Structures are given as structure tokens and as C-alpha cells.
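One structure is given here, and the rest of the page talks about it.
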Amino acid sequence: MQDEILKMRGINKSFPGVRALQNVDFTLFEGEIHALMGENGAGKSTLIKVLTGVYAKEGGEIRLRGLDKPVTIKSPQEAQKLGISTVYQEITLCPNLTVAENMFIGRAEEVIVNWKKRIDKTNAILASLGISAKATQQLSSCSIAVQQMVAIARAVDMECKVLILDEPTSSLDDQEVAKLFSLMRDLKNRGVGIIFVTHFLEQVYEVCDKITVLRNGELIGEYLIKDLPRVALVSKMLGKELGDLSALQNETACDISRQKDIVVEVKGLSGDSGIRPFDFKTCKGEVTGFAGLLGSGRSECVRAIFGADHVTGGEIKIKGKPVHITSPLKAMKNGIGYLSEDRKSDGIIGDLSVRENMILALQVMRGFFKPFSKAQAYAFADEYIKLLGIKTASADTPISSLSGGNQQKVILARWLLTHPDYLILDEPTRGIDIGTKVDIQKLVLKLADEGMSITFISSEIEEMLRTCSRLIVMRDLNIVGELKGEDMTQDRIMHTIAGGATNHGDS
Amino acid sequence: MKKLVSMVLALMLVFSLVACDAKDKAKDDGKITVGVVQTNANESDWRTANTKSMNEAFAAAGFETKMVFGEGDHAKQIAQAQQLIQEEVDYLVILGLQSAGWEDVAKAAKEAGIPLIMADRELELSEDLYTAMVCSDFEAEGVKAVDWLKAQNMDTVDIVVLGGDTGSSAQLGRSKAIEEGAATNGWNIVFNQNMKGWDETLAKQAVTDLIASGKEFNVIYAENDNMARGACDAMDAAGITYGKDGDVKVIAFDANKWALEKVLAGEFNLDIECNPLHGPRLVSLIQSLEKGEKVEKNVYVEEEMFDAETITQAIVDARSY
Amino acid sequence: MSSLNEAPQIGRFDGIKNKLMRREKLTDTVFLLTITISLFITIYALAVIFLGDKGFGKIQMFFNLFNENAALIVIACGLSIVMVTGSIDISVGGSTALICTACIVCLNNYGFNFLTSLILALAIGLAFGLFQGILIAYLEIQPFIVTLAGMFLGRGLVALIEVNQIQVANAGFEKLSAARIEIPFLGDYNKKGIFLQSKLEYGVVVALIIVVLIFLLLRKTSLGRSFYAVGGNPQSALMLGINVKRTRFLAHALCGLLAGIGGFLYLFHTRSGSVQQATGLEMDAISASIIGGTLLTGGVGNIFGTLFGVLTGGTVLLIVTAIGSQDPWWPQITRAAMLCFFIILQSVICSRKRRKSE
Amino acid sequence: MATHDKTINHDRSRSIILSIVKHNIFIPCAFLTMLLLVNIFINPGFLKISMGADSNGHPVLIGNLINILSNATELVILAIGMTLVTASSKGQDISVGATLAISGGVVMRVLCGNETQPDSLHAPIIVALILGCLAGMACGAFNGILVSRFKIQPMIATLILFTAGRSIASMAMGGLKPKAVSSFGYYGNFIPGFPIPTPILITIGIVIVTMLTLKLTNLGLYTRAVGVNAKASSLNGLNPTMIKFLTFVVLGFCVGIAGFVQSSRVQTVNPYTIVPGIEMDVILAVALGGNSLGGGKFNMTGSIIGAYTIQTLTSMLMTLNVNTNAVPVFKAAIIVVLVVIQSSVVKAFFNKKMGELKSRKNSGKGNDTYVVVE
């Protein structure tokens, strides 16, 4: 008979401006592999961080088997002591230490370390898991995959009751994934409950027993794997938006034959981020979309066009003229704008005011010796604060104190101020409230009407359907399809994304 | 790791062999080598003259000079002195930044049979640890100034003491003299501060500040020429008269040539010599030691004083530094 | 190894990658340590070959290198620890000066003996370490500014205690500090034919014991390894279950304690104290750590490296002294040039290694 | 501007007080005021400024305030540059004292050539000024390359020139210590006939130039953007490497000017003892001005006020006959108090306490029962 080993009820957590988790329940049984699914910003990572004590929850309770009271987990150490081990998406080991050290550090350990014992033990564990690394090797000299496996090995060795794997497979190849899965099944048989977070649908169907789907910080439901077909899962993850949006539809289609209207044309572009050479073109007034799951290469494509990643090959023509874009500044001077995906680390400049954040890109283009006067800057800022309905105390408020949606609007204003011919919006609606999302979508269509070419990238298919007139579908760093007109239905997109092939590594 | 250790050991072995080899090569051309541990290179004009004097005199006497500079760091000076002992200089001359902490060096020198000569500043060593001493008696210099000041028969004496580098024997001796002099004669010390280093800048700032705060003073006791010059600059700027015909009497030490010119011009009232020309004295000392003559152990450099009333152009012209 | 291909497109670089991985068996720490040790040996060997007649041919010269630098070795060990955790401490020079003066005053005037003055020295050092540690670790104030305050405090307090230069006048202490270990069978004949037994100060033994102890601490204890983890990536260290704040605090406390020991050794060696005592000692210690392969960014460093860093610095000073120069500016310029060389070398190596691992 | 004013809170009087107290130069200003009050208390004539005459009969202003303003010149100028460096590269330049010696040395060498007491200047003063500034900028560029290109932490990179600078200066002067004719002293003292000390005028000039530069170029915006978020800045077309380099060169220029003023004060330079320990004072000024030493946003006014604070403190202690070597104790006390007040942890702690107090007033809700695991 299976027992519940973890029960989370009514978990709430919010960050300034965002409700990251609203009343989320989650239950994990002994000897179960439970997939936690959802697109970016759905709240998976937040839920996991609440469970492991990185964030303090604001409401709800967590119960563990064997304890008659709800627990408050204050730190990762406490979580470890309670038997909750985590392998994070970004590797949270110390690259400057050796493999053996990473296996044992931070655990309730003896004061004097017996290295020989540890190294032998580490080698034994590595061997039993088939990881080809040496215990004495420095972690940073291992490949990312091996580092990931070491992290898992560490968690396994800690004899945890609950093992959380947060996107562990994103950097593993098939053989390694297979190894990992056999390891997971092995642990499952030993009675460990595993929470498995991944973007790869095949893997979910291969190894999991149950799926819990989150969207926008809310619980969508818990399903047995056999009750939820793949397409149904995708639609649950991507969700359906408010009805009033269906009225929005962009009909501008690109007539490729009208050469003079082509704004950007890319041939065989490839960058050091790993994308395969790709072709792409867009016309005046067209809204194109890059669809695909996270890590499919949708961001890497546009980063290459903008010159944010190092370009290794291919050519770009802007309005028919070949240009050599080596840096963002060159792209900007050629009329390209890029709203980056990770707002916090690549978008906002935290301590600076709304006004300064807004005028930054335009200011850089204008040049070092031509700053805007204060009045001009305020005029710009006030204009766009009004135009986009940005909720801020004043133009002098530091941007970091704004809500996510308003921050995004400020960044959007930054690029609109440069009046680009071609604007790339990478996940402009991630982690922001519904109202702002609608505002941004409407704005995109309005801009396209005024003749701007836009590329819109989003994890939410509905949003892309409403705004884009043509969709480029990506999978595994490759363009796998292009959909337009009649073909642009949720079904088609999801099927193209999910792919006929069962093996994600196959291209 | 093991490989590393063995590699290190192997290399150690190799270079200890090389070391034995190198020792045989050590040449001895009969020239007398004098190792000099100097303080800072040019902390003041006095020091510059001092360095120059030794270099020139040793060269003229046919000695080989090995001068090292302490970079203002006591511990470095000690390390350098130890190195000179290992290098087997024939004589070791030490001008210490600090007077304390030289026993180990002195003992090492004694063991190695290298005569140690203290110059400029007295080191706190027991008699048996050094061979000779050619030093300035800083307190005596200060006492000269005090005696001179007493002879001036002023109604009130308000003194500004501009001290040198904290803790150097020159500062200690000269400050002690004036402090004791003031106590016995009932003089008033308005200000007594050590200026980091021996520079014009801080002295000038201090006097400017004093003038601004309205403190009255009529004697400047600057522990070297440079600081006296800084103080004069400050008084110039405030229109306070000084020197022979002025309200404030300026007492300076060291007696550089340019300072004597100022004495001659009546800008300084008194400059007490602190003779930096140790070179010739050291040469004669070393030469008599070489001959095996007995030398007087503790020699204080004869020092003159130059009063603005009595100084002549001839004295200034005779000055070589 | 072929099973570890992250993606097919880099498959053709497999051969190169394999080679790199084999070469990168050395951890960063050991790699930099190797460079430091070989550099020291090279420099010293060159000095022996070319400056043998200037004293480098003597064994005592080698021992003097330790005699003169015992205190610096201990202090640099402390700095290496805080640098490994990604922090810095520039107060060690100030605390050393304070220890010297305070101990001498107590020895001369208040009837302290060797032991009580040692305790006083340790207490002063530890007090600096604890206070700075609290501000840095728990109040999250920049280490630089906190220890700048510590440096000011140390130097200033010296002047408040005693402005003048002072010297130990305590027979017991003097006797102890004048004692030497005579090493049997080793020694040199000087040109006067006197045989000089090689001598080592007791402070050196203390310093070397401390080096070994700190090495064991860093290598063999969980605390030592958490210093590295915190310096390597504090975020990860937190996730791995390390108490980052406490680790940082302990690093500073330990550095303070070592500065206490180092300060006492300094006193033991010089037997004098003044306001200007140990000026620039912190910078000497920092540069010794850097030359010894400790990265200021944290996470990489080795105590033996630091030892050799100190010795290298000392050797360079001696070489510059031995060569001698009428121009007083060359010693410092030479030393700075050497520092520059090391820093750039490290930077280049680190960036190349980083690029490789990516 | 007018439209912007409207958005300000309605509760005027309270918000004005709050915004003053919360303004980032409040603490440094309050501190400087406090220090001045202490000074007035100790010495009632502290604020008195009188018109005197120098020995040549030219009118000069005499007073403690004038001295502080004049003596703070180097500190203020260096603090301006240091603020930019701190903001962009998240670290400090500890070599400013040594590089100041270099530029001062170059100035003296150019003016005096190989003579120790030349009767006339060997070159026009403007040439010396320019060469001095170039020397400073070259040192800045050296540090800048190490920091921006080789990604070495500023403190370590500048340790090199910190070690070598004063010796290089001595070499630049050929080992001599010349004294230039007194007409060179106009820039560090008084221009005959003009009663305000020239350094004060130079400070005002530099401050105006700085403010104009910040207004007329994007130096400030770029520096802050790079300091806060270099990654995002480079996606906005900025070149963080270049900007970091540039701030070091600007600091080098400031060093050049400060070196010129300093060498003009007594018309001579002693490379080994000129401006001892000024690097720490400059960094302290930046920190006292409410700037985070961790980079990012900066506050130029704060740094300038910080510099004056330090000079006031130094002068005060000097006139009080406190031993110069004991002055650091007071600085240490001030640093500790100020950094603790400004520490984010302490701020957060008090905000939390305040919040708790408020919420306790608002609701008397009972505590949840939790198992607290240690």
C-alpha cells in the first residue's frame, strides 16, 4: 500500500507585483514519479523553492510523513534534514571543488574528513550510476552533463525520501537520460518519491506515474499519466485565455514576392549558442512568431539576429542591404530592437529610475555627447507612462520597485522610443498579470498596423495565435515548420511542437 | 601531488649542488666593501645630501659601496641588513629608520666578524654589539636651540613645535629638548605635532590652520629645514612677519645650503646644523680600523649653529650641500 | 568519454576535448600552486647561479628567508583564508602594529611575561577578527570598508597608547626571542674562515606548524572545505546546505586570530614597536597570497602556495638588494613588475580555463 | 517638469520632510553639519573669515573655513574620479596616492628640468599641467586595462601602481627634489591680488566641469547602467569594457589635476611622502557620501560632501593637538557608525520591526503552530 509522503495544501507566495503561487496543492506518494508541468512563470520553480526552504511561503501548509504537525522549512539545510533533496535546473554545485567534495560538502559530516574513504565511496557511487568522472577531478573540468549527474548522485546518496529533479535532463543526451531513468526507477522501487520537472514531454510519458499541471501560479489539476494524452497535456499547460481576446486577430500576411517590403532577411545564420543555421525573413507590418518549448532555440535565433550572441556564420540583409551585425549597437543602428527574455538579468537596470531605463537605448544610439535634457527625458517618460498606462509613482521611481508588468512596459517603451523597423519581443508577457498581457498584445498589433515588423515569442500559444500572422516552429535548435493562415490552429502548432518523433534528441 | 613533491626535492638537490659550486666562484679582489643600510631614498634634502656624501667619499677612498634603501619599512631594513651580512661585506653601516629592534642583526654581524657602524641615528644596542658610532646627538642639537632661545630674553614665548616623522630619533631628541626647555623656562607650547614625514606640505597646513584659529605664537621650532620653509610659506600667505626683523622667530635644523641662504636673508633666525656628511668620517674610521688602530667608540658629529645675526656670505658659500 | 558528448555538433572536437580533460585533472588550486612553486625554485636557482657570491650560495641565506618572513607567512595564511572565501582583510598591518605596541607596553610596565603577552596578542587579533566578521558576514557590509576601519583603528590606537618607538625591556622575553635553533652539520665558512652554524628562529617553527595546521584545516575538515565552497559560489554553497554567513564569519575570525599570532611573531622578531611598525604589511600579505595562487575572486588557493608566495616575495627583495643599485627606485618597481606579471598570468590562465570548460 | 510635479504625493509637508530624510545625501550632510557645529562649539571663532594681507601686501582671506575648503581640493577632485570608478567597476583604485606622486613628479620635472633650484621655469606652466594630466591618465589607462580587459579586481590591479608609483615618481624626477620659483605657487596658494585661495577656485571649476560633463554627456548614465547591470547594458548597445576603462582614465585626469595643485602648494614634491594615505581617505569620502562601494548608482554630491567632511575632521583634530597618528581612530569610529547605519541588513531589520509593530496594532491574530526544525 502506498503512503503519502508529502502533502502541500493551499500554498501561497507572491513577489512584488506577481502572485507566483495561488492556493496550490500538491501530493506525493511513496514510490511515485510525479511530473510537475507548466510553462515558464507557471510557478513550478517557486513551488519547489518553497518546498526546499529557499523562499518562505506566505500561506498554506506542508506536511511530511512521520511528523504530526505541519513543518516550516526555513533553509535548504532543514529541507535536507527532513529528507528533501533537490537537483536544480541550474547546477548548484561548487565548480571549484572536486567531485568527491561536492558529493559530501554541507552534509552532516564528521569534523575531520577522511578523504580516502570519501573518494572510495564517491568512486563507488559514480561507478554504480555509470557516471564517467573521477572523484578527485575538479567539477568544472567535467561536462555539464556529468556535473548534473554528480548533483543527482549526491542527492541519491543522501537517502532522501523526496527527490526533486528540476529539469535535470535539459543537458543530457539519450544514453545519459536512459541511465537517469533507470536510476529513477530504481529509487522508485526503493520507495523514494520523485518530483520530476521537465519540458520534454516524451520523458514525462516514459517515466512518470502522475502529472500535476500548474499555470500562472494556479493549480490546473493532477492527472494519472494514462488519463492525459500528450496534446491534452500541452493544451492544459498552455491554457486558454480570456474570451475578449479572440476578437484580436492580425491578418497581415507577408507576400514574399514583394521584395521591396522585406525588412529583415536572414540566410544561414548560426551563433555560438548552438543554433543550427537558419533562414528567416519578415516584411513590413508583419508579426512573426517563434514557437517552441523552452530551450528549442527560439530565443537563440533572435539573439543571433540582434548580435547579442557571437555570430559564427550566415548573413543578414536589412531592407535588401547586407549588414554585418557584430554587436547590439550595430543592430540598433540598423533599426532592430530586442526586448530580452530574462527581464530581471538582461532587461531592467534595477537601481535606475523609470525615466533612465526608458531612454537608455535611444540615448545610446544618439551618442555619448548628446544627452537628452532633463525636460526632454521627462517628456518622453511621461508620454510613454501615459501611453502604456505604466503604474508608477513618478518617472524618478527606481524601476526595481515596480511590478513585473510595469517593468516590462518600461522596457517596451525603451525600445519603442528607438522607433525600430524591426522589433523582437522575447517573452514580453512572461510573469505579468493578465491585464498587462492584453495591453501588450494590443500594442503589438497596433504597431504592426503602423508598419513595424515584429517578432513575438511567447510560451503561450494562444497569445501567439492572436498576434502573429506567421509562426516559425522550433524544436531542438532547429526550425521544424512554418505555419500561416489556415494552418495556424492550436492543434497544428501543438502537434508540430510535440513532434511525431518520440525521441527528442532526433533532429 | 607525490610527483610534485619529488620534483621539488629533486630541484632542491640540484640547486644546493649549484650553490656549493657558486661558493667556490666567490671572488675576492681585495677591495673593501662597505654595506650601507640607508633609510628612505630621499625623504628630505638632508637625506639626499647624506646619501651623496657617503657614495662619493667611499668611491674616493677606493671602497666598494653597497647601498640599500629601506623603503620606509623597518622589517625590510632588517632583512636587507641580514642579506648584506650573508653577502660578506667588510663593514656594515646602519642608518636605522627605527632605533629599536637591531640586536639580531648586530649579533649576526658580530658572529660573522663584520664590524657594525651606526651612523646618523643611534640604535639601541649594548656597547659590545657594535664597533663604532658616528651619530648626530639630536637632543644636544635641540638643547642648543633652547639655549639660544633663552638668550633672546623674550617677554612671552609661545612656541609652535613642528615635529618630524613620529618616533625617529631626530624627532624624539629634538622634541624632547624643546619640551624640557619649555618646562624649565616657563615657555608656552602652543602646538606640538608630528608631521608625517619631513615635508613642507603638512607643516604649512598646520601653521595655516593655527593662524586661522587665531592662536598667537612667536616662535616656530621646526625640526628640519623643509618644515620651516613650509611654515614660512604659511606665514607669508597670512602677512605675518618672521625672521630677523619679524614678529616670529624661526628655528630650523639641518642647515642645508638653501636654508643657510634663508638665514643669511634673515628669514630664519637660527639654523642648527645636523651634518649629513658622514662619508668622510666613515672613511677615516674604516681606514683606521683597517690599520688596526683603536678608534673612539662613540663619536657625536660636531655641529655648528648659524644665527641670522652672525652668518656671513662666506659661510654660505663654503657649504657644499 | 564519447558517451559524454553534450551535443552532436561538437563531436568532431572530441579528440581535443579529451586531451583537455586529461590535462585538466589538476584542480585550479593545484595548477596555480605548481606554477608558484616552480617559479620560486626557478628564481632562487637563478639567484644562486648568478648571485652566488652575493650570499645566495650560503645555506644561512635560505634560512634567513624564513627568519625574516615568519610573521608574514602566518599573516598571509590568514589572508589566504579570507581571500578563499571571496573576502578581504586589510586591517592586518594595523593590528600587528597595535599588538607590538600593546604587548611591549604591558611587558615593560605591567609585569606581563611571555605567556600573558601572547594571550594579549591573540586576544587583540581575535577581537579584530570577530568584530570585522560580524559586520561583514551578518550585516553584509563590504569587507573592504570594514577592514579599512580596522586598519585605521589599529594604527590610531598605537598612537594613543604610545607615540614613541619602544623596545622590549623584559629579560625573560628577550631571552626567549634571542634563542635560536642551531642546525647541526649545516653552516658556511665565510671568507674570514669563521664557521657559522646555520640558525633558525623559533618563530619559523611556529609559522611552519601553523602552515601545516591551516593546510590540514583547509584540506581535511568540513569547515575548510566550506571556505572553498562559499568562495566558489555562495549561492550554490547555500543550496548545498552550508551556513554561508557563519562560514564567512569564521573565516574572518580565523584571519584575526592568525593576525594575532603573526603580530606576536613580528614582535618576537623585532622586539620593537612604533606607529609605523608593519606599514604596508597587509599589501605584502595580499600580494604574497596572489603570487601563491589565491584568487581574489575566491574559491581557489592553497596555503603552501601562500608560503611560497611569501618566500618568492622575500627572495625578490633580497635579489634586488643583492644586485644593488645607486638608484633607489628600482627595488619597488621591480617588485611591482613581478606582481603585475603574476596578476596578468593568473588572469590569462583563468580566462583560458574558463573558456575551455564552457 | 511641471507635469512631473503633479504626480508627487498630496501630503506635502510630511512628504517633504520624509524625502529630505530619505534623500541619499541626508546622512553625509547631517554628519558634516554636526562636525561643523562641534567645531564652532570648540572654537567659537571657527566660522570667522577675515581679510588679511600677505607679506607682499596683497589681500588674502584668512579663516578656518577657507583653510578647509582650500586643503580639501585634492580630496574632492580625487573623490569625483573615484566615485565614477567605484560605480562602474564595483571596486576602488588604491593607487591614487602613488599616481598623484607620479603626475606631481612629472610637473616638477617639466618645470625644473635637472636643476634643484632653478631661477626660472623651464617650461610654460600649461605644458607642465598637460603633461602631468597625461601622466595621470596613462596610469589610469594602465589600471583601466587591467580591470576592464583582464577582468582583474580593481583593488588587486591597482596594487601594482600602489607599490611602484612613488618609486616611478622618484625616477621621473631623476632622484632630485627641486623647488620651483614661487610664481608656480599661485595655483596652490593665492594669485597676487585675489583674496580667495586658488585651490578653492580650481575645486569650483572642477566641480562645475564635472556637473556639466554629467549634464552634457552620458557619462553618468552609462556608468550607472554598467555598474548596476553590465549584461543588460550590453544588450542596450553599451560597451561595458570601454566604459570601465573610461572611468579609470577620468580618474587619472583627476589625479593629474590634484597632483598639479599639490605640487604647486609648496612648489616641490617629495614623491615618497606626498599625500600619505590619501587613497584611503578618498575611498572613505566616497563611502561617506552614501555611495555603495559595491558599485552601481552613485551620488557625486555625496562624495564631494564626504571629502569636505574628512578634511574638516582632519583639520579639527590637528588644531585640537590630537596626534596626527591617532586621527585614524576617529575615522574608524565614523566609518563603523556610518556603514552600519547605511547597511541594507540593518535597514531591512528596522523596516521589519516597524512593519511588525504596525501589523501588531492592526490585528491581534494568533500565531500559527508550526514545528520548527533546527
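Order as written gives the chain letters A, B, C and D; numbering starts at 1 within each chain.
Here, contacts are C-beta pairs under 8 Å (C-beta built on N, C-alpha and C of every residue); 3 or more make two chains touch, one makes a residue touch a chain.
Please read all numbers here as calculations on a predicted model, not as lab measurements.
Asker: So, comparing C-alpha centroids, which chain is the farthest one from chain A?
Answerer: B
Asker: Have a look at C-D versus B-D and report the one with more C-beta pairs in contact.
Answerer: C-D is joined by more C-beta pairs in contact.
Asker: Can you check how far apart chain A and chain B are, centre to centre, with Cα atoms defining each centre and the answer in Å?
Answerer: About 71 Å separates the centre of chain A from that of chain B.
Asker: Any idea how many Å lie between the Cα centroids of chain B and chain D?
Answerer: Chain B and chain D have C-alpha centres separated by 35 Å.
Asker: How many Å are there between the centre of chain B and the centre of chain C, using C-alpha atoms for each centre?
Answerer: Their C-alpha centroids are separated by 33 Å.
Asker: By residue number and range, which residues of chain C touch two or more other chains?
Answerer: 159, 163, 275, 328-329, 331-332
Asker: Where in chain B do residues touch at least two different other chains?
Answerer: 40-42, 72, 166, 194
Asker: Provide the list of chain D residues touching at least two other chains, using ranges where the numbers run on.
Answerer: In chain D, residues 170, 175, 323-325 touch at least two other chains, as defined above.
Asker: Can you identify all of the chain pairs that touch?
Answerer: A-C, A-D, B-C, B-D, C-D
Asker: Could you please specify the touching residues of chain C with respect to chain B in the complex?
Answerer: For this pair, the touching residues of chain C are 30, 33-34, 37, 41, 44-45, 48-49, 52-61, 64, 67-69, 159, 163-167, 178, 188, 190-192, 194, 196, 266, 269-281, 314, 317-318, 321-322, 324, 326, 328-329, 331-332.
Asker: For a test of understanding, state which residues of chain D touch chain A in their complex under the given definition.
Answerer: Checking each residue of chain D against chain A gives 1, 3-4, 7-9, 215-219, 221-222, 224-225, 228-229, 231-239, 296-297, 369-374.
Asker: Which residues of chain C touch chain A in the complex?
Answerer: Within the complex, chain C contacts chain A at residues 1, 3-7, 9, 21, 24-29, 219-223, 225-226, 228-229, 231-233, 235-243, 299-300, 353, 357.
Asker: Which residues of chain A touch chain C in their complex?
Answerer: On the chain A side, the touching residues are 54, 75-77, 80, 86, 88, 91-98, 101-102, 105-107, 109-113, 115, 132, 134, 136-138, 140-141, 143-146, 171, 173, 175-176, 274, 276.
Asker: How about chain B: which of its residues touch chain C in the complex?
Answerer: Checking each residue of chain B against chain C gives 1, 4, 8, 11-12, 14-16, 18-23, 25-28, 38, 40-42, 55, 66-69, 71-76, 78-80, 82-88, 97-101, 103-104, 107, 111-113, 124, 165-168, 172, 194.
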